[in-house]
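Multiple structures are listed underneath, in structure tokens.
Presented sequentially are two complexes of subunit A, the first with subunit B as partner and the second with subunit C.
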Partner chain A sequence: MTQVLSPVPGTFYTQSAPGEPLYKQPGDAVAAGDTVGLIEVMKTFIDVKAETSGTFKSYLIDDGAAIGAGAPLAEIED
Partner chain B sequence: MSLKVIQPGLSTSIQDLGRPGYFHLGIPIGGAMDRFALRVANMLVGNPEGAAGLEVVFMGPEIVFEKDALVAVTGADLPAKVDGKPQEGWTAFEVKAGQTLKFDFLKSGARAYIAISGGIDTPPALGSRSTYPIGALGGIEGRNVQAGDVIPLGEAEMIEPGLNVPKELRRLPDNPAELRVLPGLYWHRLTPAAQEGFFDDDWTVALEADRMGYRFKGGKPLEFVGREQPFGAGADPSNIVDGCYSYGSIQVPGGLEPIVLHRDAVSGGGYFTLGAIISADMDLIGQLQPHTPVKFRKVGMDEALKARSDRKKMLAAVRAHLG
Partner chain C sequence: MAIKRLLIANRGEIAVRIIRAAKSMGIHTIQAHSEADADMLAVRQADEAVCIGPAQAAQSYLNVEAVVAAAKATQADAVHPGYGFMAENAAFVRALEEAGITFVGPSADTIDRMGDKVAARQAAEAAGVPVVPGSKGRLETVDDAVSVAAGLGYPVMIKAAAGGGGKGIRIADNEADLRKMAPQAQAEAKAAFGDGGLYLERAIQLPRHIEVQIMGDGTDAVHYFERECSMQRRRQKVWEEAGAACLDEATRQHLCDTAVSLAKAVGYVGAGTLEYLYDSATKEFFFIEMNTRIQVEHPVTEMLTGTDLVQEMIHVAGGGKLRQSQEDITRSGHAIEVRLNAEDPMMQFLPFPGQVSSLKLPEGDGIRFDHFLYEGYQVPPFYDSLLGKLIVHGKDRDAAIALMITALEGLEIGGLKTTKPLHLALAHDPAVRADDFHTQWLEPWLAAGNLKPTP
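Coming up: the complex of A and B.
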């Protein structure tokens, strides 16, 4: 199991915009470099990318929640 | 001799202590948002306090050194690693030619300052190397640092590594952070209830917080004393006939979310400003992460000046400690 950690503090989103599908659903295949989330901070949106490949297990943070740098955002099964 | 940027981080910029003297022309003072941290970083590596370094926001860069240098990282707790080996913050360490400086996740604070012996030697613009992206001034081509940039360094007078600033001589905001406010020219525009509410309310740092301004949310909307708006002011009660803004002034568009103007802010406009954050607390704002709880506390001029004097004493104590 690998955790995807937040590189920056901000607000975390599990989809690219309201009403859009989640970046990943449980069971989806994940390739290293895939976008699995979005963080808003300082008027900027930053893609959160997976660093490992595997199977997406779950988000660990709710859509729209406040996060700190280093916070675990999602889990990927190796 | 220089640094090569492999990854820039989120928003890394070259900053010194800024370019005062042009604010009346609309060119902001610029410079490090946490000036104390930049000064101390420079002292640790034997630079003049106002030498240019890197201001790193939330996420560290990856940099390869092309010559031996002494480096110090101050301000936010952003753990540095040289070729994977962890380094202490607020401490001078060596980086050899060919080695890579990288960072772990941010632990606290918001902005780390990286000083390198010799200082960054990009061409000054209007007397400063500070980057002001909106005006395309300073730094490298007037912009933030990018992957592939080669950052020139000045000639260094090498001192020994290992100089360190103890915890009691470092400064980071408390949680909740307290920011002291001196009410200003337009204070009378607020009703007494709004004047009190501003200081009683619990605020948090909004996501819209950068070098131009820090926005706060969570408090009650401010109520204004009724008046017929003067000629030239807009219809919104938070509007005034255009006036000057100072560094640290607090504007509240629509009476809703206060914005503290910081180093790269505009110099004037048509929003009333209820007062200003005292100069002694401006460095602290540069270290606030989004969502941080904040209380504003009202002070008078005497306390503001005392706080400014205390900050100067703290800087003097660091100079004395480092000899």
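Coming up: the complex of A and C.
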């Protein structure tokens, strides 16, 4: 099991825009470099990318929630 | 009626700035804040504070109902919106009016009118303010376009009449170009919008951005001269000056007079800014839009003229008449402001919020730092990255640049990455020192690698 950690503090999003599909659903294949989330920090948007490959398990943070740097955002099964 | 209890519906450095102005006028200050801003400097400095909602601006600083409710609950008789957030939100102004609370700024109708680009352009033309020359309406044929372009002067910008988003925009340098490009633009506009109608406008190439500060009391209006704000990255101003050294005295006078004409024509109340494009080659200026608020870069004008613009806008909002006639307002020396943002200029300006571990501020004659920092302060990630504005005033532009270097070297914000290295590099750059730049200058300068890490 690998956790995806937030590189910066900000607001976390599980989809690219309201109404768009989630970046990943439980059971989806994840390749290293895939975008799994989006963080808004100081009005700038930064993609959160997986550093490992595996199977997506779940998000650990709700869409639109405030997060700190280093916060666990999602879990990937190896 | 003079304002006695002022709610500040903003945050960061401008909230601190407004509190300073209000306190020196003997006004009781009430700071509105989100849950994430409970320990910001303005909350500590205000006479009282009121929480208006969660961190997300949409639920706090942009929430009309929450801010009006907070103003009522704290018995504020006026609200200062600062800049951004709800500073130009006519619905917010109407909600305050209904609650019997004064808005520090123009009326909702003025905000609506000046916020509409077409209506603002018409108001400007009617008041004798030059606008970018363009075709009167849509053009259906290439021959129509050619005859209109002859009157506007080349180069011309070809736009889709139904357009938006830059689709169909081309620049023609001469008639041959126009005859070749107009049919292409028509086809593209027809494909994108189902309408092949074109619109022509004179292309102002490599323009400077020059703006005029005005203040009105509903009857009379004055100007506080101009600012030069061409140094921009992604349409955000980075470095601002007052005055614009590129203008000769006759052009400056004409520019500022037209701004006052427009302010008077619309019965303007409060602080406002008219933005223009300036063509250095032809010395022509063209109105582009009006901002109906106090602007981030207002301190350079305050340094140039010695007037506290925030106090003045609060005074006229309370029903006061302008306290200075145009003859009383004079300019002296030269002022420059730089914006210190929590961004890493060496990493594509990646935002860098964090905790202020130490703070060393420059001091001395002609140096001012408007900010909201203190040691131990945790800069929240939810809002824009502006940490503060360093402003200097010298006897001329060269002296101001020299003082800016001294002031920047004396400024240390520990624990954060800031845009200080960018400003130091700009202050040393030969083109900047020669006042030889325009709105399209900074981004290519950065792309060419002119900003180097300091060893």
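One rule holds for everything that comes next: the second predicted complex is superposed on the first by the 78 of 78 C-alpha atoms of A that agree within 3 Å, B and C clash if a C-alpha of one lies under 4 Å from a C-alpha of the other, contacts with A are read in each partner's own complex, and residues count from 1 in each chain.
In the analysis below, a residue touches a chain if its C-beta (ideal position, glycine included) is under 8 Å from a C-beta of that chain, and two chains touch if they have at least 3 such contacts.
On a predicted model such as this, the values are computed, not experimentally measured, just so you know.
Placing subunit B and subunit C on a common subunit A by superposition gives a clash between them. Residue contacts after overlaying the shared chain place A:Gly70 against subunit B, while subunit C stays out of touching range. In the overlay built on the shared chain, the residue A:Met42 is in contact with subunit B and with subunit C.
Shared-chain residue A:Pro9: touches subunit B and subunit C both. Which of subunit B and subunit C touches more residues of subunit A: that partner is B. Where the contact sets of subunit A with subunit B and with subunit C meet, they give residues 8-11, 41-44, 46, 66.
Contact residues of subunit C toward subunit A in the complex are 36, 55-56, 342-343, 350-351, 353, 381-385. Across the complex, subunit C is touched by residues 8-11, 41-44, 46, 64, 66 of subunit A. Listing the residues of subunit B that touch subunit A in their complex gives 10-11, 57-59, 105-107, 110, 207-210, 289-291.
Residue ranges of subunit A in contact with subunit B, taken from their complex: 5-11, 40-44, 46, 66, 68-70.
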